[in-house]
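Below, chain A partners chain B and then partners chain C, in two separate complexes.
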Partner chain A sequence: MGVALVLAFPTMAPNAYILSAGIVVASYACTATAWNFMGGFTGYVSLGHAAFFGLGAYGTGILIRDLGLPSFVAWLLAGAIVLVITIPLGIAALRVRGASFVIVSISFVLILLLVFQAWGSFTGGSDGLVVPRPFPDLLRPEHHRVFFYLFAALLAVMLLVWWAIDRSRFGTGLKAVREDEDKAQALGVPTRNYKLVAYVVSATFTGLAGGMYALWFGDLDPIFQFSIMLGSYMVLMALFGGVRHLFGPLLGALVVGTGLEYFKLEFGDTQFHLVATAILLGVVVLFMPDGIIPAVQSLVRRFGPQDSSIREMTAAELLEHNRAVAAGGATAEGTTAVGHLERRGGATPTEGQGEDVGPRRGGPGGSSRGTSERMEDAAPRPRTGPEEER
Partner chain B sequence: MTTTATEQRTRNLETVGLTKSFGGVHAVRDATVTFQHGKINALIGPNGSGKTTFFNCVTGMIKPDSGTVTFRGHDITRKAPHTIARAGIGRSFQLCRIFPRMTVLENMLVAVRPPRLRDLLGGARNPEEIDKARALLVRVGIDHLENAEARNLSYGQQKLLELAGVLMGDPDTIMLDEPAGGVNPALIGRIGTLVQELNAEGRTFLVVEHNMDMVMSLSHHVIVFDRGRPIAEGTPAVVQSDPRVLEAYLGV
Partner chain C sequence: MTVSLLFQSLMLGVLLGGLYALLAAGLTLYFGVMRVVMIAHSAFLILAAYLAWYFNQQTGMDPLLSLVVTVPLFFAVGVGMQRLLITRLRPATLTMMSVLLTFAVALFIEGMIGFVWSGTQRRIQLPYSGASVEFFGARIAVVKLVAFALAALSLALLYVLMKHSRFGQALRATIQHREAAQLVGIKTDRVAGFGFGLGLATAAIGGTALSLDATIYPSLHWHWIGPLMAIIVVGGLGSIPGAAIAALVLGVGQSLLQVPLGTTWAQTIFYVALFATLMLRPQGFFGGRLAQRF
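Right after this comes the complex of A and B.
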C-alpha cells in the first residue's frame, strides 16, 4: 500500500509546488535512510553527513560542466568519488568513538563548506554552480514527476540494501558494535573494518542522494549543500522514526520533512521552522528515545492482546515463588538462580517457566503488587534494565 | 612443583616479562606466567593486583608496554582483540557484558569462526549455527529465553548467556574474569560444573576469581598475583599454605 501511495503521489499532487515539496521530502527520506546505514547499525552519530551530500552534488555538477559527461554517468561517477574519498576519511574518523566522533564528523562539513566557498574558480563559490538539467525538453511539472520517481527508486535500492545487511551476518556484527564494541571485538568481530564498510556505504548513498538533488534542483550553493542543518535533519528524521527499523528514517522524513516544508511555507520569513525543529527533537529525545515506530509498537502491545512476556507470572506462580524464597531463606538477589537450580533438579515440578525467569531483583514482590507489575512488564521499558545497574 | 611436572606441561598460553603501566601506576610488572594446557588455571590476588589488566593485555584489549604473549607457539602480543579471539582465546568480562538490545539468539550469533565474504553477505540465520546456538543455550539452561531481549534477563542468566556466547566461537582457551562475581551460591555451583564439563572436553580455562571456595575446588593450578606480578603458583593445596600468599591476602 505504501508503494502504491508513493507511485500515485505525483498524479494526486494538486499543483507543482506540492509535487516539488514531495521531492524534497523524498530526498530527505533518501538522506535519512543513507545516514542510518551508519547511525542505525553501528550507533555512530554523524552530524556531518551533509559533507557527502555536498560532495555528491558538486561532483555531479562539476563532472557535467568540465567533462561534458552525460548527467547520469556523472552522477554515478560522483558517487564513486565519494566512495573513494570516504575510505581515508573513515579510517581517520573511526579512530574515535562517541562524542569525539560527532565532533570530527562536524569538522568535515565545516571544512568542505569553507573550501567550496573559497575556491570559487572551481566550484562557483557563493555565486553558485548551475547544473544543466538532464531532461531539457521536459516541462517543469513533468520534470518534477520524473525526479520524484528517480528519488523513490534510489530510496528503494537503499531500503533493499539496508534490509539485506540487516539480516546478514555482517549486520549482526554491526549491531554488536552498536551494543558493545569491545565485547564484539572480543568475540572475534573485526569491528574497525565493519564500521568502515558501513561508513562508506552510508556516505556513498548520501552522495548519490546529493547528486540526484543537484540534477533536479539545478543550482548549488555551498551554504545550502554543506550545511550543518542538513546533517542534523538526517539525524533528527532517523531518530524520529526509529534507527533500528528499516522504515524508521523514511517515516521520520515523511513527518519531519512535511512539517519543515509546511513551516517554511507558513512562516517562511521567520526562523520559526528552526524553532519547531528544535522542539520536535526535544520531544523525541524526551518521550520517544527509540523513535515513533517502537513507541507505537509498545502502545499497540500494551492495549492489544497480551502475549506471554518473559517476566510474566501468574498469581499461582508468584505464590509458589514466594514460598520457595521463604523456604530457601534466599536473599532477594538469589531468587532467580534458586528457581534455576530447582528446575534443573526437578525438585519443584510445579514451577513454570515464568518462575524460572522472573528476575525479581527488587525482592520477593508481594502478591498484592502482582497485577500492576504484570501490566508494566508486558511492555518493554526502554531505559531500564540490567545495564543501568552497572 | 617439581621440575619434571614443569617439563611435562604442554605450553598453551604463556607470557614473558609482561609489563603495563598507567601513568605512574605499575598495573602489571614483569609478569612471566605459563598456563597449563587442558587444565583449569586460576589467577587470584588482592584487588588491584593487576589480574584484570593482565587479562586485558593477553586478550589485546590493552597493549602491554613490554613483554610477550605466546599462544600455542605463536606470538600474539599487541595483536588486535578480534585476531586473538579468532586464534582461539575466548573471554568473559568482569561485569558481565552482553548485547542488551539484541535477542538471546542474536547474541549467540555474533561470535562465529572467521566467515568468508560469501557468508558475511548471506543470511545471519545459518541453520547449522542456529542449531549450535540452541544446543549451547540448552546446555547453560536458558534455551527457553531464545527470543527475549538480553537486557531483560537476570544477571545470572546474562552471565550464562555470556559464557554460551563465548563458546559459539569454539575457543580452545577460555578466560573468565570473575565468573562468580555478583552471583548467588546456587548459580556459582552451576557455573563451576559447566567449567568442569567444558574442561573435560579439552578446553583450557583461565579464571580470575575472588571466591576461594570456587577456586580451590575447581582449579588444577593456581597462580597468585600481588602488585602486578605472580608471587606464587602451584596446586590449590600448595598455594593455600604458602606464606607469601597469606601475607599478600591477610597481611600477616
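Right after this comes the complex of A and C.
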C-alpha cells in the first residue's frame, strides 16, 4: 500500500509546489536511510554526512561542466568518487569512537565548506554552480515528476540493501559493534573492516542522493550543500523514526521533512524554524531516543487490545516452555536472527535489549505478550551469562 | 615577509590563542565531569557576546561590566542544564546522545538570537576601539589586549581553583574516577553540576571578550565550534593543560598562516591538526587516560 501511495503521489499532488516539496521529502528520506547504514547498524552518530551529500552534488555538477559527461554517467561516477574518497576518511575517522567520532564527522563538513567557498575558480564558490538539467525539453511539472520517481527508485534500492544487510552475518556483526564493540572484537568480529564497509556504503548512498539532488535542483551553493543543518536533519529523521527499523528513517523523513517544509513556509523569514527544529530534536533525544516505531509499539502493547488475554501463560507453563527452549535452544538457536546475534556478538545487548530483540524474535517466544513479557524477556539472558564471563 | 610582520602575527596568534585556551578549558571541563561533548559551548559564547552588546546598547556602559550579570547567570544555566537535561539521558548512550542534545541547544540559541535581535551583524563601538599600542614594533589593538588579559586572568583563576581549593580537588577527583570520588564522600552529582556551570561561565567570559573586537551574528558559533573541537581532540579529551597548549600552538599557527594563505585557508590548520592527531595519536598529544576510550 505504501508503494502504491508513493507511486500515486505525483498524480495526486495538486500543484507544482506540493510536488517539489514531495521531492525534497523524498531526498530527505534517501539521505536519512543512507545515514542509517552507519548510524543504525553500528550506533556511530555522524553529524557530518552532509559532507558526502555535498561531494556527490558537486562531483556530479563539476563532471558535467568540465568533462561534458551525460548527466547520469556523471552521477554514477560522482558516487564512485565519493566511495573512493570515503575510504581514507573512514580509516581516519574510525580510529576513534563516540564523542571524538562525532567531532571528526562535524569537522568534515566544516572543512569542506571552507574549501568549497575558498576555491571559487573550481567550485564556483559562493556564486554557486549551475548544473545543466538532464532532460532539457521537459516542462517543470514533468521534470519534478520524473525526479520524484528517480528518488523513489534510489530509496527502494537503499531499503533493499539495508534489508539484506540486516539479515546477513555482516549486519549481525555491525549490530554487535553497536551493542559492545570491545566484546564483539574479542569474539572475532573484524570490527574495523565492518565499520569501514558500513561507513563507505552509507557515504556512497548519501553521495548518490546528493548527486540526484544536484541534477534535480540545478543550482548548488556551498552554504546549503555543506551545511551542518542538513547533517543534523538526517540524524533527527533517523532517530525520530527509529534507527533499528528498516522504515524508521523513511517514516522520520515523512514526518520531520514535512514539518521542516512547513516550518520554512511559516517562519521562513525569521530564524524561528531553527528553534522548531531544535525543540523537535531535543524532545526526540530526551523522551524517545529509540524512535517512534518502538515508542508506538510499546504504547500499543500497553493500551491496545491485549492479545495477552487469550495467549497468556501461567507461570508453570512458562517455566516448562523455557525449559523446552533451553533444551532445544542449543541446536535450534543458530537458525533465528537472535540466536545468530548471540552466537556472533557473544553478549546480546544489555541496554535496550527488549526493543531490539522483541519485535523480531521469530522463534519460540514471539507470540507471548503482555504480562508474561517481562518474564519471557528474562529467560534468554541466563544463556548469555556464561558467555560473557568467558 | 618581514620580521616585524612575522612578530606582529605571532603576537596576534598568542592573543587569539589565549581566548581559545579559555574556551577549550570550558569544553574540557564538561567532558571531564560528564563525558559530554558540548556543541552548544560556542553558541553560549555568542549569546554572551550578544548580551554584552545589548548591555552596552541599552546602558552605554562598558560591555565588560555585563560580566557581573552574565557569569553568575551562565553558571546557573550550566548547573540547570546538567541537572535537568544531561542527567536524564541513558548512561549507556550518554556520549552520543548528549552531542545531539547540546546540538539542539545550540540551534535553539542560534534561532532565538536571530528571532530576538534579528540576523543583522552587530558590533560594539567603544571609545578605545581604534586605539592600539606599539610593542617591539608590532601594533596591537587595545581591545585584543583587554580580551587576552581577561582570558588569561580567568584561566589563572580556574587553575588556582582547580589546584588549591577543596572544591577543585573534589572536581578533579570526580573527573579522574567518579566511583572512587563517591567512596571518599564527594557528592559527585553536585560537583558535576558545578563543573558544568564553571564551563559555561568560561563561555560567558569568552563571549564578552569576543564582543569587544568582533562583529557578531547568530550563526557565528559554527566558526568557533570546529576549531575548539579540534583543539580538545589534539590536546587529548579531558586534559585542561593539553587543551591550553594545543590552543596556543594552533592559534599561533593560524595567525602565522594567515599571512601567506589568507584567512579562509588558514582556518584549515585546525582540521589538518585534527586529522594528523587521529592518524598518529588518536588519544591526543597531551591526553591522559581518559582520551583512550572516547
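FYI, the second predicted complex is superposed on the first by the 303 of 390 C-alpha atoms of A that agree within 3 Å, B and C clash if a C-alpha of one lies under 4 Å from a C-alpha of the other, contacts with A are read in each partner's own complex, and residues count from 1 in each chain.
We take it that a contact is a pair of C-beta atoms (placed from the backbone, for glycine too) under 8 Å apart; a residue touches a chain by one contact, two chains touch by 3 or more.
Remember, predicted model here, so these are calculated numbers, not experimental data.
Applying the stated contact rule after C-alpha superposition, one finds that A:Q185 touches chain B and leaves chain C untouched.
Of the two partner chains placed by the overlay, only chain C lies in contact with A:F272; chain B stays clear of it. Contacts of A:A92 after superposition on the shared chain: chain C is touched, whereas chain B is not.
When both complexes are overlaid on chain A, the residue A:A164 reaches chain B alone and has no touch with chain C. Shared-chain residue A:T172: touches chain B; no touch with chain C. Contacts of A:L7 after superposition on the shared chain: neither chain B nor chain C is touched.
Residue contacts after overlaying the shared chain place A:V84 against neither chain B nor chain C. Residue ranges of chain A in contact with chain C, taken from their complex: 43, 45, 47, 92-93, 95-100, 102-104, 106-107, 110-111, 114-115, 117-118, 228, 232, 235, 239, 270-279, 281-282, 285-286, 289, 350-352. For chain A in complex with chain B, the residues that touch the partner chain are 164, 167-173, 175-176, 178-180, 182-192, 244, 310-311, 330-331, 333-334, 336-338, 340-341, 343-344, 353, 356-357, 359, 361, 380, 385-387, 389-390. Residues of chain C touching chain A in their complex: 31, 35-37, 39, 85, 88-90, 92-93, 95-97, 99-101, 103-108, 110-115, 119, 218, 222, 225-226, 229-230, 232-233, 237, 262, 264-265, 267-268, 270-271, 274-275, 278-279, 282, 293-294. Interface of chain B with chain A (complex): residues 59, 61, 80-82, 85-86, 90-91, 93, 95, 97-102, 106, 109-115, 119-126, 141, 144-145, 148-149, 151-158, 165-166, 168-169, 183-187, 189-190.
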